[in-house]
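Naming follows writing order (A, B, C and D), and every chain is counted from residue 1.
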Amino acid sequence: MINDWLLFLISIMLLCGVLMVVGTHITSVLKLLVAQNTLLAVYLLTKAIYVPNAALFVSVAITVIVKVIILPLLLWKLARFLHLSGRVEPIVNKPTLLLLTTALVFFALILSRNMLTFLPHTSAAGFSLALANAFVAMLLVIVRRKAVTQVIGLLVLENSIFILAAALSTGFPWLIELGMSFDVLVGFMIFTLFLMRIQREYGSLQIHNFEKLKERV
Amino acid sequence: MISDNTISILLFVLQGLLVIAIAPLLSGWLKIVTCRCQNRSAASLFQPYFAFCKLLIKTPVMAENASWLFRFAPYFYAACLAVLAFVVPFFLYYGVLSPLFDVIVVAGIFALARISMALAAMDVGTAFGSLGARRELFIACLVEPVLLLVLLNLGLITKGLTLEHIGFVLIHKGILYPGLAFSLSAFVLVLLAENGRFPFDNPATHLELTMIHEAMILEYSGRYLALIEWGNSLKLTLFLLLFVNLFFPCGLAVQLSWGALLTGLITTLVKLFVLLTLLAIAESLQAKVRLFRIPEYLGLALFLALMGILLTQLMVTQVTGVPI
Amino acid sequence: MNLIGLILLPGVLSLLILPCITNRTWAGYISSAVCTLCFVLSIFLAYRVYNSGQPIFFFHQWFLCDKLAVFFILLNSFIGMTTSFYAISYLNNENKLHLHPLVYRFYHTGYQLFLLGMLGVLLSNNIGMMWVAIELATIASVALVGLYHTSEALEAAWKYLILCGVGIGLALLGTVILYIGASTQGLGEHGLLWTQLVSEAPHIPAKLLAVSFVFLFVGYGTKVGFVPLHNWLPDAHAEGPAPVSALLSGLLLNAALFAILRFKWMLSNTSLHTLPSVLLLIFGFIGVLFAALSLFRQRQLKRLFAYSSIEHMSLISIAFGLGTPLALFAALLHMSMHSLSKTAAFFSCGNVMQRAGTQTLSKLRDLSGQMPVSAALLLISTFAILGLPPSGLFISELLLILAAFKANIGLTILLLLGLGLAFLAILLKMQPLFWSKSAHVSIMPLKNRHHAYWPAALHLVIVIIAGVFVPFYLLSPIVNYIAGVLS
Amino acid sequence: MALLKIVVLAWLGLGCVSIILPARRLLLQSSRYGSMLAALAVFCLAAFYHGSSTWLFDTSFFPYKLGFAIQFDPLSRFFVFLLSLSVLAVSVFGQSYFNHFTLRQQKLIQTVSCFFILAMLLVLTAGNTFTFLFAWELMTFSSYLLIAFNATDKSARQAGFLYLGIAHLGFLSIVISFFLLGNMPISAVSANFIFVLMFIGFGAKAGLFPLHVWLPGVYPIAPSPICALMSGVILKTAIYGMIRFSFYWLLPYQQAWWGYSLITIGLCSMLIGVIHAALQTDMKRLLAYSSMENLGFIVVSLGFAIVFYQYHQYALSDAALLIVLLHSLSHSLFKSLLFLSTGSILHATGERNLGKLGGLIQKMPWVSGCALIGCLAMAGLPLFSGFISEWLYLRIFFSQGMSSHFDFAIFSSVIVAVSVLVFALAGFVIVKFFGIAFLGRPRESHLVHAGPASWFERLSLVWLALWSVFIGLWPMPFISLLQKILHGISNQFALPWPHLFTLSLSQSAANHDGFVPVLLLMSLLAGLLLIFILIKKYSAPSLQRNSAWGCGFNVITLRMQESSEGFSQPFKLIFSKLIQTRLALPKATDVNPHYAAQVTERIWPLFYTPLTQGVWRIVALTKWIQQGKIAVYLTYMAFTLFILLVGVLWL
């Protein structure tokens, strides 16, 4: 029963990832990111409750503080400061986007099936869904036109790797967990610094003004 | 038989001096025959000697900027040819110096003489000198290989490279090699080109368009001109002697007896005069060829010389049969 | 608090002090002092590790320092020291308006964070901590690359951030998969320790190991600059300030390759031991040929050296791919000589660009006439990188050719083609700079030149000494150690 | 051996000291004196060293052979002797020649030339592979620096680039041949590979036919003493390398086709070298092409040595090797002499184009005298050193042993014909060089105040001229020295003709095969003396000076003389197929009509331009990968990841 609940949580996270890829408004993408963070926190909480172990509680605490409280706060202030609004047009049109995501999920499933031949089927399923989430996050970074969505893509990639670790094992030792989340936080600070510079420099967050460094003969 | 060594050496030296002495005589005879062919009355046989003495006593006039090379070159030119005079066979089948200087050195001395004249011609700095030098060297660069190949072909046939050895073998063996015919015809072309005879250069003209040999010695006068004229005629004699005594060696004195010497002398003189008349007649029949058509003739000469060598190679390996 | 802890201490302390110092020259001198202290400590560490022969551990086995790591640490801390001195005079000469105020304010903090990250990577036994250290170093260097206020610098920094962000994300994925593999063997907490993994690796299922190595290879490969993943490198080097691009090509590439080597040795006694060498060889040869060809079309000074870094890193990865003791010796010698001469090249490029104001090759003319000293330094470092005799790179290239020659003849022909093309390209581009006539670029004098010349000169002297007297005694113990670990 | 170490350390010390010394006139002068003394030391080392140590070269490269080892055997001694002659002359010449460079340039020249000479010395006396490769590349690098520092315009830079590029590619092939030699058991097949690679590497450095494009471009730029050293000695180190490989290491694996390939390449270089030498107007380019011709001749005789060795004609092979060594020595002498004389012309008049010189024989008597000796030696005329090797070359064709192999006999006849044509053309080249540069009247007005060369320059020129004449007249000591070397190679080597250049009346006249240059000189002098006395006695005493004949016009302008292009115009016509001329004909409407004919090589459009265009087309492909969009870069990363994953999982 617990495994089905955990599996359900991971699949909801995958759903959020896919929605982000096909999402249109930037604010909706931000909301989905926050949703994914909370789902991760809930997942860790259920795991901590059913398999009582001190390290897990510490990592749940870290994730809740960093991912559920600080990050959304920063995201909200950033969105207001950069007065993000308007549509987010992906590079390729929607049908091909969906095709790509299905292909990626399909590949992730085959990959984890081949890799984890020695594990029972159920726990392997969680791993494959988390892997699919990671590939979808990579697609999110590639496909989008706005710089913000690339940042969000990276954050989703971090989330999927955390969920992957949590799915199969007892997760990282808490110190490593702390280091990783500290890195994500500092990374996010650098992102905001650069986003503000881009905003001041170009007045818009479009990617196409990043094509000056081309090499001609 | 003259057994005494000192007299035999004296005889060899005499042979060299005789070659030098008769040079103007031969060119005089050549002029007489050419005039006769063009039914003009000719000067006397000894006209070149008189001209030599006349030039000798005139004070030479030289250009202001002529350097020491201009004055030294005629002497060097004459000295080289004089040395060669002692190598070439006249009535004996070899000259006094021929055992020491083999065929390659002979060709080298000819080249030395030619280059000294070319440099002297360019020294004065007028257009004529360098014009003559350029044309002379243009012909020489195509003639020297032919000369060398012909002489080397003779060396191949007789398996020895000194003129004395070649003469000795040709006199005794006397077999007519096919390669010799090709070399002979190549040598004729070399003789004409090298001495500036008719199809290549008109020796008597002073026309800028055609003169090659005259242009080089235009600036010379007095004793220098005398030396160069004598040198030119000596060069012609050397080539004629090489032609006559190497390709038709019959009658040359082999052992040192008065009879043999006398016959050798007479036969060589007769051969020379016959050859000169033929040359004069050929010259009056031909017209001078344009400068840029000369490479065709000399290319033909090179081809003939090469064919001569190839044939001798063929003959030598075939005759001996068993490759060593 | 053994030696490893001692060596990390100055970096951590400086991170606390430096942000609150506002006077720039003071901050510069403090960071240089910290780097020199760190270098001195690394000499002691090296002395100890060489003598004791046993690797040292710290903080319940999370930090490990064996002979190979100590060689890298020595190299990194030395270059870090000289770059910090050079940075003092470089920033002093820079026209302050061009610099982004916030980044300039925290330049030295970012610099120390970067060095600490490097040290963390080299010392880490715990692969999770290695990832954290690399992430830290990347973030610090991204901030430094964005020092200038120009839009190109911003674009280069952004690309560097995104590409390396995704790359390192993949590396984290690989680490996690490896960690899962270890946990299947019941290692639990210790699953992350490299020493444990080396002993446990034969038992971990082969497929899992292979997939994790691929993720790690692609992740850290973007940092090393293997060809299809190298696109951030030329932009970051060309737009970043000279000391930062010197650090990037001198230290960061080596550290990333060090990480990959750690995982290669982990797989050494499993059934997959050929996979890492094959990958290193393939990407090495693609890298050498691609970099050699693209060197022909470079029009900027530092971008030319960036592509030459890609070429040299591919050469080193070929050497590591070959794996024979001779190839290892060539790789270590090549890596150290390349770092020293490339950093010297970037220092002299920095001087030349500050004085000439431009870095396009067609405008730089008659350098030896106008700035004799920096032109001489640039000349010697260029010819050191080209691998001409007095430089150590000449010997390492010969050894590399010999190693490839002994492996198989096909590799040697490809290698010679790459080396020949690269030589011709760099020579073609660098040749007109020194003794040409028309110089229509106005040359400004350097304001502060105490630290502008001696770092590059020191590096080149070491390279030439190593070129003439090949440092056997320094490198052969490491080669024997690695051979020991492998067999 | 100790003396050799001292000399090597002396040059090394000199190089390091001159790095540190500040660029002051006095210090530079003293360091030049130092290099002169060191050159003297090298000369004494080579001349008076009698220890015949055996030849021990360690060909393995790793692991512990990375130290410097030097050794000294008769062949190295001969080449070091060759080096010392040119280095002594150049360092004496450099005392006064380098004063007109700026102080900083002088310092650069002094430092780099010390390392350059050190590198050459090390190449010739290398004891193991590492020293040879290190010194070889250091020689190329230092000579490149000496060229590049005054290569200011674009074409000069391109020549410098070609030089270092081709030399480095040659170096890479030499490295592989050394590794094939040292680190693998040699089999017949690998010996062929070693030979081919070695021939490419040393051929590139010797400027042989397909890889000679750098030769004419480099010499006009380099300062003349450096040109003298480069053409005199660097080309000979390539020959040294070829001899080491083909006669010392690969002797048991030698094959006949090696000789034939050497002969064909050498012949092509001879022909192309002499044709282009005849058509050049720049003094140094003319001498560069004639170096190519002489190198071709040396390589042809090396090829013959190998072929004869394979046909067991050891005597002839010995004679052919004798030509290789003797012609290397005489070529390095007369070529250094001619380059130094162009240097003093440049120093005096500042002109390098033949068309702008003339009448220097009055202004610079010493230089023109020595240049005349050098030219006559280059043309291979009897009294000078060039003739000895030419004479030997023609002799080996016409000795008895030759006729056994019919196919070789035919092949050699054609070779003889071509090489004799080339020797004749060399005569034309020297008349053009000496005639237009020294004789006639000065073509440019500013030539009037061209002063004579300084004492140092005269001393070095006379030193080289004396050596050329000495070898030309009395080659016996050199022949015996070379014979000792050849015995070192294999004991079957013996001269085919016992008393080659000595006068021995004992034997019968029939097979006396020697040629005694001294006798020729004595007979010439006797002839000169006799003629001079006879003419002097009967001819008019005085001599009148007047203006030259001008066809009746009294004004003869200086431009009426022959220009250098005009002088070689007939040959341009004949050899138009082998060269490529680019004419710039003036149009009728030109304000100042200007006629320019530029003679370039045919190899450029045939081989080099398509090659470079191909490379640039591939380079244009790599431009496509760096497009600037982040999305594209990420797709590259994603693709590599997926390909690797698929590869790992399913292969």
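General remarks:
Keep this in mind: a residue touches a chain if its C-beta (ideal position, glycine included) is under 8 Å from a C-beta of that chain, and two chains touch if they have at least 3 such contacts.
What you are looking at is a predicted structure, and each value in this text was computed from that prediction instead of being measured.
Listing every chain that touches chain A and chain C alike gives D.
Two chain pairs, B-D and A-D, are compared here, and B-D has more C-beta pairs in contact (counted per touch definition above).
Among the other chains, the CA centroid farthest from that of chain C is the one of B.
Chain B and chain D have CA centres that are 36 Å apart.
Chain A and chain D, compared by their mean Cα positions, are separated by 71 Å.
Separating the CA-averaged centres of chain B and chain C is a span of 80 Å.
A separation of 103 Å divides the Cα centre of chain A from that of chain B. Annotation for chain C: residues 158-159, 162, 166, 207, 211, 234, 294, 297 touch two or more other chains. In chain A, the residues that touch at least two other chains are 111, 114-115, 138, 141, 150, 210, 212-213, 215, 217.
For chain D, the set of residues that touch two or more other chains comprises 616, 619-620, 623, 626, 630, 634, 645, 649.
Of all possible chain pairs, those that touch are A-C, A-D, B-D, C-D. Considering their complex, residues 358-359, 361-362, 372, 376, 379-383, 387, 390-391, 394-395, 397-398, 400-401, 403-406, 409-410, 413-414, 416-417, 420-421, 423-425, 427-428, 430-431, 434-436, 439-441, 509-513, 515-516, 519-520, 523-524, 527-528, 530-532, 535, 538-540, 542-551, 556, 560-562, 566-567, 569-571, 573-574 of chain D touch chain B. Within the complex formed with chain D, the chain A residues making contact are 91, 107, 111, 114-115, 138, 141-143, 150, 207, 210-217. Taken in their complex, chain B has these residues touching chain D: 53, 56-65, 67, 69, 75-76, 78-80, 82-83, 86, 97, 99-102, 104-105, 108-109, 111-112, 114-115, 118-119, 122-131, 133-135, 137-138, 140-142, 144-145, 148-149, 152, 155-156, 159-162, 164-165, 168, 208, 218-219, 222-223, 226-227, 291-292, 295, 302, 305-306, 309-310, 313-314, 316-317, 320, 323-324.
Interface residues of chain D, counted against chain A in their complex, comprise 616, 619-620, 623, 626-631, 634-635, 638, 642, 645, 649. The residues of chain D lying in touch with chain C in their complex are 61-64, 66, 104, 133-135, 137-138, 140-141, 148-154, 157, 160-161, 164-165, 168-169, 172, 175-176, 179, 183, 615-616, 618-623, 625-626, 630, 633-634, 636-637, 639-641, 644-645, 648-649.
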